[in-house]
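Paired with chain B in one complex and with chain C in the other, chain A is shared by the two complexes that follow.
Showing the complex of A and B:
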């Protein structure tokens, strides 16, 4: 099983500490790398990709160090954030060049395959300078995937893409992850990260703030009561029944239903159906209101 | 030519009263081959309207025509009752525009730039200074406004772009990708700001974005265009209306629940992390409640599924042939567009 491993990795530029003592393991599947602007995401990606040497610590991909190890690139595909394409080439030429640089036996065939995977076949013989931002983004991804790498790093891959291209890219990354590849991508659009991957690595101020399935991370935040929006045939009666339970800390009648705060997530979710049945009430909605990645991320930044 | 029929003149002549933007049969061709807009007819009413569409669908062309910067090949457009071809100047004095690309000069301060642009929009010097101070404060730039724009972060630059759109006291704002490049906190702040401008200042806003979640969050209406044609113009609430499917999620024991719901004849289908059942009146709710209570499972979500704006952009609303196809958790491709409801 291919993994990316970081052990005590720091990186500083002069007196500026960009990444600070990060230890993490990323396995097969799709992992989202999150953090505010300037948190150190790109620095971390560049170190994993072997573009930058860690000031301290060790990074391995599939058990081998990435720094000064060009052999590594046989297993690694990198999609940088910057517009790193040669605009005077056609899309096909660009991807074929990447295939040749990897020394693939049949570069044209490999390029054709990668281009069709990204649905760029129609535009492949046009100059890259005529491409839209979303098309340039896709040709970059095609070039990175041309040698069928086991590990793919993508820095803001959805930037500039329109809704349809976003959906397609999400499907593509998901399939790649399902096939056992290690896919790491950074994004600011939390709804997309939430849908593409439950596994996140959150970097704040150069440090790893959280790691793992964001739903599990949310459960660990015991100092934040969970909030549910509950609707029933009689919200007031249900509220009265709920406030008698030790798991429920607050109940509020709102225009949108009954807002319930619970400090004991496990007990509340196991009780809610039974309590409403015992009270003879029809339960029509149970909606967690702060379980989304958006709120988990905000909580992580606030703490 | 003189004896033009009255009906035609009525159709082409007067803009509809109350409409903020009106396009009638708007067509724009570049050269002979590229058609950016093809007979687009749409009316946009006051409020916050989202403009969505694929890259190259004609959004930028439409905005340029509305600002009177580009002449349509045929058809007409009105902004706030002014003809876009004849009254471009009047339109630009009533409209604030926030372009998508990074277009700010790095070597002036935000105050200088916004004041200057205020003067360009016709304000006298003192008023321009006051308005610039106001609009920079509205977008949340305080001490930073005396610094050179080149030293700003992406979020601050976006705020400057919004401030210069606001400085001329516009009745309409055209915002092109206002959250581009912002991190989550910056996005939330920008969206709150846009919603506030729309609701508190009563300025109509047309906002172009690729992020459909944002459109759902802040817009009242949306206009979707595809290949220069109108795909859909509707209120956001009707695009995201509830479906007849109930989504149920439990933290564990989903197989048990699926078996129990199947036994009760609800025909549950796996969807993302939970199960979808077809709503057939109140009995469905009770059956779900009783199943969960009998099995003692942790119920973490039960809600009616809503349609999503995104469905407008799905290639083919193909129903997953096999329920197993949709087992993949949180998988965008397996999202049935009402298909699960049919089952």
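Showing the complex of A and C:
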């Protein structure tokens, strides 16, 4: 079974730590690398691909180091995040060049298959400079899959794709994973990872904050303390009514309304309307105030 | 050469060089050299000017073109990140360096070596010793300069490499090498002049070293530079990764 192994991997630039002591094993199937921008996902991807040497630790793919080992790319396909391709080539030329560079015996046929798989047949003879961002992403994926690699690394592959292209790419990666390939993709968008991946690795501040089955991590995310901004016809009276409820852990009266901290997201959102009605108050606003992905990650890291 | 060169890398590099905006600059040496030769041929009174004018102007343009070409065949792809598409293949790093290097030499010869030959042919005749000497010196210069500038982009990042290359051409070769004889031992310009002079036998071509030394040092410098470029590309660390 092909796996990617990271053991105590760190990478720093001077005094700045980009990746800090990451140890994990990634097996066949689709694995999502989730984290906010600047979390260290791209640095980690670059190290796995052998484009960056770890400052400390060891990385192997199928038991072999990827650093200074170009032969590894016979088994490995890489889709870099940067939107830089040979824009003077046509899509077909780009993918065929990739097939030839991988030493495939029938490069044109392999390129044709990969282009068709990415639904780029119609646009394949246009120069890449005329492509939309989503099309450039797809032609990069076609070039990375042309040699049918066992391991595929995709850094933010859904950037610039419209919803239909995104769904198609998700289906494609899902099928690749089901066929036993190791598919690793990075994203800062929770929904992308949720739709595609059963297993996620959450990276925050260069550290592995959570790892494992998506549903378990999602549950952890849902059960974390939530903060809501609530406004009503009488915020002080509503605050008094709320503080006695078990689902509410703190209430603060601010100039913008009530800041309510709850440890039970589901119960609070179900009860808030009833509580205000019973108190004879009119609710005007119930807004989650810490729903940013960063706050979710911060909680995961703390827990 | 199978295994040392890769046709796909070579072709993609040539097309990349010709597709950049700065490719219009490649026409300048031909316009300048052939224009100057034609004008001087029509207006100059004596016949002593061709070795002086063509060796100084021709070899300066050769060095500057090699700086742009040799510095961009690898440097431009490192700059914009497209090098990753090449590095994500099993092609050996030595093959990538040699293929890109060959593309750079071919472009430099096409855009400066051939125009210099045409300019000298206008000035002194197509089969004259000066014309043949300048062409062979230019071929040697293209081989050595491109190895130096390709190595620079691999060792330091492309921006500083361009600045260092320009200082090397203008300060080291343009000023110091003509004032301090020993400096010519580390000057691609003087290697080219020595090789050209071994055929042209012109007093205007004044190298500070013998042709044997020039050929020997030229081979050593070229080999060392290409080996260094290969080592650096093998241990290439991508820049631009996000930092927490």
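Here are a few things to note about the model shown:
Here, the second predicted complex is superposed on the first by the 217 of 303 C-alpha atoms of A that agree within 3 Å, B and C clash if a C-alpha of one lies under 4 Å from a C-alpha of the other, contacts with A are read in each partner's own complex, and residues count from 1 in each chain.
Convention: a contact is a pair of C-beta atoms (placed from the backbone, for glycine too) under 8 Å apart; a residue touches a chain by one contact, two chains touch by 3 or more.
Note that the coordinates shown come from a computational prediction; the quantities given were computed from them, not determined experimentally.
Touch criterion met: A:190 reaches chain B, while chain C stays clear of it. In the superposed model, A:111 lies in contact with neither chain B nor chain C.
Once chain A of one complex is fitted onto chain A of the other, the partner contacts of A:241 are absent, as it touches neither chain B nor chain C.
Contacts of A:80 after superposition on the shared chain: chain C is touched, whereas chain B is not.
In the superposition on chain A, A:164 contacts chain B only, with no contact to chain C. When the two complexes are overlaid on their common chain A, residue A:17 makes contact with chain C while staying clear of chain B.
In the superposition on chain A, no contact is made by A:251 with either chain B or chain C.
In the superposed model, A:37 makes contact with both chain B and chain C. Of the two partner chains placed around the shared chain by superposition, neither chain B nor chain C is touched by A:92.
Comparing the two complexes, residues 37-38 of chain A contact chain B in one case and chain C in the other. Across the complex, chain A is touched by residues 6-9, 12, 15-16, 19, 80-82, 84-93, 234-238, 240-244 of chain C. Interface residues of chain A, counted against chain C in their complex, comprise 13, 16-20, 37-43, 46, 49, 51-53, 68, 70-74, 76-78, 80, 82, 84-86, 88-89, 97-98, 100-103, 140, 143-144, 205-206. On chain B, the positions that touch chain A within their shared complex are 52-57, 153-155, 181-187, 210-213, 250-251, 282, 285-286, 288-290, 292-293, 296-304, 310, 313-315, 328-333. Across the complex, chain B is touched by residues 34-38, 132-135, 159-167, 170-171, 174, 178, 188-191, 194-198, 266, 269-270, 272-274, 276-277, 282-288, 291, 294, 297-298, 301 of chain A.
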